[in-house]
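First chain written, first letter: the chains are A, B, C and D, and each begins at residue 1.
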Amino acid sequence: MTVTALLFASYADALGREQLSLDLPAGATVRDALERLRELPGGTSLPPAPLVAINLAYARPDAMLSPGDELAVIPPVAGG
Amino acid sequence: MTVTALLFASYADALGREQLSLDLPAGATVRDALERLRELPGGTSLPPAPLVAINLAYARPDAMLSPGDELAVIPPVAGG
Amino acid sequence: MRSAIVTRPIDLQALLAEVARHANGATLLFVGTVRDVNDGRAVTGIEYSAYGAMAEAELGRIVAEAAERFGTTDIAVEHRVGRLALGEASVAIAVAHPRRAGAYELSRWVIEELKHRIPVWKREEYVDGTREWLDPTAAKEPARP
Amino acid sequence: MRSAIVTRPIDLQALLAEVARHANGATLLFVGTVRDVNDGRAVTGIEYSAYGAMAEAELGRIVAEAAERFGTTDIAVEHRVGRLALGEASVAIAVAHPRRAGAYELSRWVIEELKHRIPVWKREEYVDGTREWLDPTAAKEPARP
């Protein structure tokens, strides 16, 4: 299946991109997707357990992904 | 000596006036002035120990008055 | 810092401008307005009256104490007197502080002191045409139906 | 109630008007502004960036939760993104409540949730021309001279 990964702020700087497609086996979790991102150039600078969101809502690392999901990897937030 | 007494809101309504002069003996206190006010028509509706101010600052019932002082008898405040 | 008893509508934008400084990260504006109901009675307006000279003096003392206590002079307060219609602002407190925690504590401190200390009274006017001086120290009457 | 991520200056007067109702006795406006110093470094501006769609969604969830928790829908929030100069408002929260205690608690609750939950990041720009993403979870560096 294919999911869209989004990167922001310092994470986007580290990996040099803001968006990419990931091909993952059926049943893959957030954790699996993060492992794949860590293999990319600059990917080792992602922390062990970053905040993530699936389809605009925060999700846990063991959440299962579905085809077409939007998975966002979220640096420490600093709004306000 | 003469002091000016000021009445406000419900106290002014009760005594039918907002300002009057009181002739008091030298050394008179706030408490003495209040006794004098209670003898006036409507004066019995003043509470036993109302808030008072001398010359724009809150004062205690045993504070001594001086000639020319402005003594204000202050109903429960309700600003804001 | 500045405080005043006024007889005209309060200009909120102007109060905010008075406390704006680049060292501040948080600005808080409190506005007290005339409510349409109090203790279950329908209110049509409020007449605010004050011992003007002392209210100005006491408000100035509160603001000076707040400045010392919270370490900022970015405080502007106005209390309006006279007859106010529903929804009109009777009091506005603008404060600014480097940090939001300081702004909230400062703002709350000023409104509580103001409510307890400044010689201002209000006479509420009710739909039945009667009016009454409010006494916050009086025991509440039983709730009306 | 209403919340939005915006790219234009926040109109504070408009936010206040949105929460005005005659049932309310207390209105509180919180404004977060860009400070000229952070952790001892002179700041010249901040670039706010957001995961826009999620920031809108999360802000909407915060406001809905606040409405339920505090029993009022008189809440209007805007967070601005893009490059902001010193003193400009990055966030404004207008709330109104029958009583002042409720207004203060509600306002504070919304800003704390917002700071912890909405996916917004800021890159500070310093007088020396450098710029840096802020990480509120990072250990503070030792104070600079």
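Here, contacts are C-beta pairs under 8 Å (C-beta built on N, C-alpha and C of every residue); 3 or more make two chains touch, one makes a residue touch a chain.
Values in this document were obtained by computation on a predicted structure and should not be read as measured data.
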Set of chains whose contacts include both chain D and chain C: none
Distance from the mean Cα position of chain C to that of chain B, given in whole angstrom: 26
Approximate Å spacing (C-alpha centroids) for the pair chain A, chain C: 50
Intercentroid distance (Cα basis), chain B paired with chain A, Å: 74
Contacts with two or more other chains, residues of chain C listed in rising order: 32, 100, 111
Two or more partner chains touched - positions in chain B: none
Interchain pairs in contact, sorted by label: A-D, B-C, C-D
Chain D residues within the chain C interface of the complex: 12-13, 16, 20-37, 86-87, 98, 100, 103-104, 107-108, 111
Chain A - residues contacting chain D, complex: 6, 8-10, 13, 53, 56-58, 72, 74-80
Residues of chain C touching chain B in the complex: 32, 48-51, 53-55, 57-58, 79, 90-91, 111, 114-123, 133-138
